[in-house]
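What follows is subunit A paired twice: with subunit B in the first complex and subunit C in the second.
Right, the complex of A and B next:
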């Protein structure tokens, strides 16, 4: 056991944050699923706690195993290509599956296991890996329009495949990729044009949603959500119910919260253990708790930025930054939704929300970042020793 | 690169701060109002009714089932139905409502809706107890068709129990009325309530306004578990037959009430159970469950029991002779009379056949005068059991005995011989006769044979033996002779027929009126027996109480009801009719020239024909018969051309033609002998074809 603990490498602060978030995940899921467990499992309130415990422990194990792999292995062409093709395959399968069950599906059942997973969870890191490779290989030509447009192709392809089932995930992924390209010193003009094009696409989409909601899958849901978010007075009392309940949870939490397990809003919040978990955290742990969680994600981001900046090989830099930004961006959006800054999107709070495969993909992503960080440490070690050797050489001469 | 990353990090930091500022804003600025809201909001778990199981007849017909009904209401608040929708649609909606429900005019409905809207009502009841098909219509009405959220339609579902065949067997199927002050629970519905009921679900709802509650969109829901189905032993057709037969007789006699029980001999399955009583309007409706709770002195049908005990324990033989004199005999203070009097010296067999009270008294005195307890103990062993009927309301049997100090007298012994000083229900009598029919094996009466959940049988009630041998086999043989003699030579000669034999016993009991005692006699005319006598399949009892149109003998009142039921049941029961079917088939071979290969093969093979040349696929074929060998030719036709229909049955011809889109007019019965459009003619959809059939 001790051997394994000694083997834990990479940024220790990130490890600490992940463990704190995992504990928080267990506490909140246990408290928030009380009534769910009561109804679904004959009052066995520990059911979801144990389930989440297994998921979290397995997630940490995945993270540990992934971080032991040398990160340059992830830059191998065939690894990147295979994960990318797998993502496309699963996303296509999801669309076909959606057609067979006659509605846009987000979850793809894994045959024979009874499990389901969201192909977009795989597609997100896969696309970022692909993009990091492209960026690293083309750093010298990054300002050329041709290269820029070439890099847009996989992004648009993946986002379009995610788009029918999950608009917000597609949008978040698209923005994250643009940010990554921007960080990689792409021309501002190119990115500006892409944003303009994206905005135009958005406007057309908005027009379609508002006027022909039936023309696109889930169009009616989106229209409704936008309407509620835009105009409080126009909102149907049923639709802004979620937002109101989240606000009530936040308001009743106060500065120090109601203390863990004392939430009353968990019965009113639609998904206190996933979409609205941040409101739930503020209710039980107060503004202090909410602030602490925000701080954890921002610190996580800071550590990732540090790794990216220190990384000498560009691939590791783009990879850790891209993957890290995806996680933190999603967390910020979840929080923004919970406090009513953004329309309801259904994004979970990474590492905290109840979930199985989704949490594992996040854990794997962090494992990759830690692998980059571990690479840095090893390099630093080697530098030190080589410096010592040269020192000695110098001395003998 | 670094500068861009730090710009981005700075932006994230700002966003994090904004999130916290917004949260603080919610707490500090909007907090008061929101916390007040939190105080007010209320949530409660509501029960979701489970669908009650269906009670089926043995032949799979639903007897009692739950049908969904809807209360149609509307949420007319402005925030639900905007003016643009409401004002343009209210006229046509009111028109549709008035047209469908026909209880209010269009103007009235419109007024109701407008007034409620002015008051911002969240729930305006428009119609109660609307059936499913009507509810579907209502959903398509103007405004309503926009759905629950914008159309304001509220359709609350509930279930009502319905007896699909109305009064038929209502008392045995039973019912449960929980909402009345004195809850009533009867019959199978009551006895199997735990199985039928299922378990309720729970749904979390929150109060939206006043008394309106709405389900919370959450996963915290327990689905209701629907009730099990109960499969009874009742045969729907036999039940129908028994009801008709009894009803006819009750009307003819203007009797107070009557009952019929029909039982399957080998299993104790009750195939029919009917209780009819005259109501205040003079109509006959299912009254109390007389079959199991009308405990009375049975009269002469009881003589079977007396004879069984006398044969078994009293050393009686059917050829023993007794003097019945002139039909009147005084024992102690009471005179025993025979209805048709004066048979002189006759055998025990004749005493039974003629139902002589004097003779039976003589037999009982002869056998048991010294030891009456031997007689009464024997009777008690015959009748007193725990029958464990599957429905409640059963009365326990009473048999007098010298041990009963308060009821036993010097006259008791011979009185009991012909069915007095005992209290038995029709069910008790039938159980005994059924045991005799079943060669001494007494079966527990069964009303329910299976319990099913979602099509899967989860419990089976197997036939149960109460007493494997009520007496020796020689006594049973004698009993069979006695009962067959009643029909061939005795009081029930009207039941004699040549097709199959009935065995049974008539009974005419003079019973005490509840108010006036024995002075104003009330007669219970009964007939109980079984058929076919040589290999009994069914036993049956018919009891008619207080016939008032002159005739009151069991042989005249109840025996005809028995006969009608027995005739019809015999006719419909293929198993006992097998011989008749075989007999009638021998000379006639049905002409089945064309049809589906599989069906034809079955027919011909059953009739011992040899079938040659079978095709692998199920095909429409023509058959050719040579001596006792049948061969098939595939039926050929091509789309767009009229096929040759000659020889096909009406069903197959109709199927073929309608599949081709033709209109068909049939005349006659049997197989096709003529078709108006000749084979091979080009046809197009919608053409009319006339077909003539002949057997």
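Right, the complex of A and C next:
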């Protein structure tokens, strides 16, 4: 056991943040599913706790194993290509599955297991890896329009595949990829034009949703969500009170919260263990707890940027930045929804929300960042030793 | 630092930090400034109380109340929320002993510990007021108001229908309904469910840990008020309906009376029936099972809309009208009747004794079978030169146009099609091209494979009364206001048969009552037109049928009476029809002895 712990390498602050968030995940899921357990498992409150415990421990294990692999292994062409193709395959399968059950599906059932998984969870890191590789290989020609357009192809392909079932994930992924390309010194004008095109697409989409919601899959849901967000008075107390309930949860939490296990709003929040878990955290842990969680994610991002900054290879640098931005961006969106800054999107809070495969893919993604970080430490170590050796050499001469 | 990683990263860092700060500021803002979300006490909970709207009442055409609501209160328990309390005091309050209390709680817990269960059903209004004041001392218990339907006249059970708790399958299909809600299951309650039910409201109350109501949440800003259900005015005449049910005592059969000028149903009697108050509240399922078990009387079967009989001689009028329209019959067309119509090979359609030969009017007056066998054979064989099949299809289309063989698709719940066999049916039965007008000759006199419902026969009578058109029969004349007409069903259906032919048939039907087969329906003051019929019944005594309308000019009522196992149409159906007409037109019965004889007649044994 001790040997494994000694084997833990990479940024210790990131490790610490992940552990704190995992513990928080267990505490909140246990408390938040109290009413769910009553409704579904006849009062067996431990059921969801044990399930989440298994998920969290497995997630940490994946993270540990992934971080032991040398990060240059992830830059191998076939690894990147296979994960990318797998993502496309699963996303296509999801669309076909959606057609058979007659509605846009987000989750693909895994045959025989009774489990489901969200193909977009795999597609997100896969696309960032693919993009990091393209960017690293073409650094010298990055300003050419031809290369730029070539890099847009995989982004648009994946985002379009995700789009029908999960608009917000597609949008978050698209923005993250653009930020990554921009960071990798692509031409400002190219990115500006892409944003303009994206904005035009968005405006047209917004117009279609508001005026012809039936023309788009899930259009009616989106129209309703946007309307509720724009206007409080449209919230129908019977059906659409979730945003109001989230605000009540936040307001009733006070500065120090109601203390864990004392939430009353969990009975009213529609998904206190996933979409609205941040509101729930604030209710139980107060403004102090909510602020702490926000700072955890911000710190996570700064540490990841630090790794990216120090990394010598372009690939590792882009990879860790891209993945880190994606995770933290999603966290900020989830928190923004809970406090009413954004319309309801259905984004989970990474590493905290209940839900197995989503948490695992986040853990694996962070494992890759830690692998990059571990690589830095080894390089630093080698530099030091080689310096010592040369020092010794010099001395003996 | 890697070559590709530029100073642009600082911009992103600032951006992310900015978003994070915005989140924190927003949190602070909700926390401190937007106090509208803050609850008065930390441990309060919100309770969402559904506000049930009053279900709409149903009146008859004269404003008499047919269905209204009576409030009832169920004492509910959520076992999980029960805390220690003064059990003996509670039992004294309800008038039960402690043993019963423990058993009831155990039973509720067995069902579910977190879902509400009815602990004590239908508390009286007085007890409810008394209980509500004390209930805060007993956490886990609350009172759920309910509405019970009441039927003050206890008539027209099948027509008004009943309500019951919504089924899980229905909740899945229509999410408006929640478990325990009531929904219309049959009759008007079903056809007009969405109008009668109104719209539920929602009240949000703040309740403290001691189950005490601390007032409404946010001064009721998020509450919605229930919208009361809308009242309906049925076209039924409650007096006529009740009288029809009285006349049909101890008889199987039905009476359907229609106002010809509007298609409004004045009475829809089916017998045997039941008291609609039996299917209300807690006792509903038990009583329903009891009624469903009664296979001898079948009281749940709505004969007026669902029973299918051969129309018998009443159908001769249809064949006469089709024949006249096709030019195959003339008013002067005469056939001799030697006591029957020979089909060859020794088979004969028999007829009864009357003078011979008969012209068309007399053929109706004396209901001659031979006459209509000749007429029908000519209609089929001369209707189309091509084939029997084509001639038959043409005839069938005209019968269909009279409203037979299909539903009216108005607001009558559970009506059936009846049956006018298709040519394909005869192809299957006899073989293709192996049947002719002789094979199906029983249709001439309304016997054989043909099936019609009482409401379809009543509609035929209304069509004749109107001399050639009908409005589809319907049961609701006004929605929301007594004088607003339900125009949805006021679509005039005009037959393609000339009015002069109807005039001739009407004269003949007058003769039927004055000096024909139904003199028992004759009245001195009112000119009644009618036609008898007998539906052959292979299982027992034939069914007695009579259709009639009155007065002859500007008819106000057209009806069909069917009395099962009563033999010839004139014996039971015709007198009952005439009593119904007298009741509706004069509101008073002069012929007391006839009434007594009809009411007391018991044909069930």
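The rule we apply is simple: the second predicted complex is superposed on the first by the 388 of 397 C-alpha atoms of A that agree within 3 Å, B and C clash if a C-alpha of one lies under 4 Å from a C-alpha of the other, contacts with A are read in each partner's own complex, and residues count from 1 in each chain.
Throughout what follows, contacts are C-beta pairs under 8 Å (C-beta built on N, C-alpha and C of every residue); 3 or more make two chains touch, one makes a residue touch a chain.
Everything quoted here is computed from the prediction, not taken from an experiment.
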| item | value |
| --- | --- |
| Overlay on subunit A: subunit C relative to subunit B, clash or fit | clash |
| Which of subunit B and subunit C A:297 touches, first, second, both or neither | both |
| Subunit B versus subunit C as contact partner of A:362, first or second or both or neither | neither |
| Partner chain(s) touched by A:22 [first = subunit B, second = subunit C, both, neither] | neither |
| First (subunit B), second (subunit C), both or neither touched by A:282 | both |
| Which superposed partner A:250 touches (first subunit B, second subunit C, both, neither) | both |
| Touching partner for A:183 - first (subunit B), second (subunit C), both, neither | both |
| Contacts of A:345 with subunit B and subunit C, given as first, second, both or neither | neither |
| Contacts of A:311 with subunit B and subunit C, given as first, second, both or neither | second |
| Interface residues of subunit A shared between complexes with subunit B and subunit C | 38-39, 179, 182-185, 237-238, 244, 247-248, 250-255, 264, 267-268, 282, 287, 290-291, 294-295, 297-298, 301-302, 305, 308-309, 317, 321, 325, 328-329, 332, 335-336, 339-341 |
| Residue ranges of subunit A in contact with subunit B within the complex | 35-36, 38-40, 179, 182-185, 236-238, 244, 247-248, 250-255, 264-265, 267-268, 270, 282, 287, 290-291, 294-295, 297-298, 301-302, 305, 308-309, 317, 321, 325, 328-329, 332, 335-336, 339-341 |
| Subunit B - residues contacting subunit A, complex | 1-2, 4-6, 8-9, 12-13, 15-16, 18-20, 22-24, 26-27, 30-31, 34-35, 37-38, 41, 43, 79-80, 149, 202, 204, 206, 208, 214, 216-222 |
| Contact set on subunit C toward subunit A in their complex | 1-6, 8-9, 12-13, 16-17, 19-20, 22-24, 26-28, 30-31, 34-35, 37-39, 42-46, 48, 80, 113-114, 202, 204, 222-224 |
| Of subunit A, residues touching subunit C in the complex | 38-39, 42-43, 135-136, 139, 142, 179, 182-185, 237-238, 241, 244, 247-248, 250-255, 258, 264, 267-268, 282, 287, 290-291, 294-295, 297-298, 301-302, 305, 308-314, 316-318, 321, 325, 328-329, 332, 335-336, 339-341 |
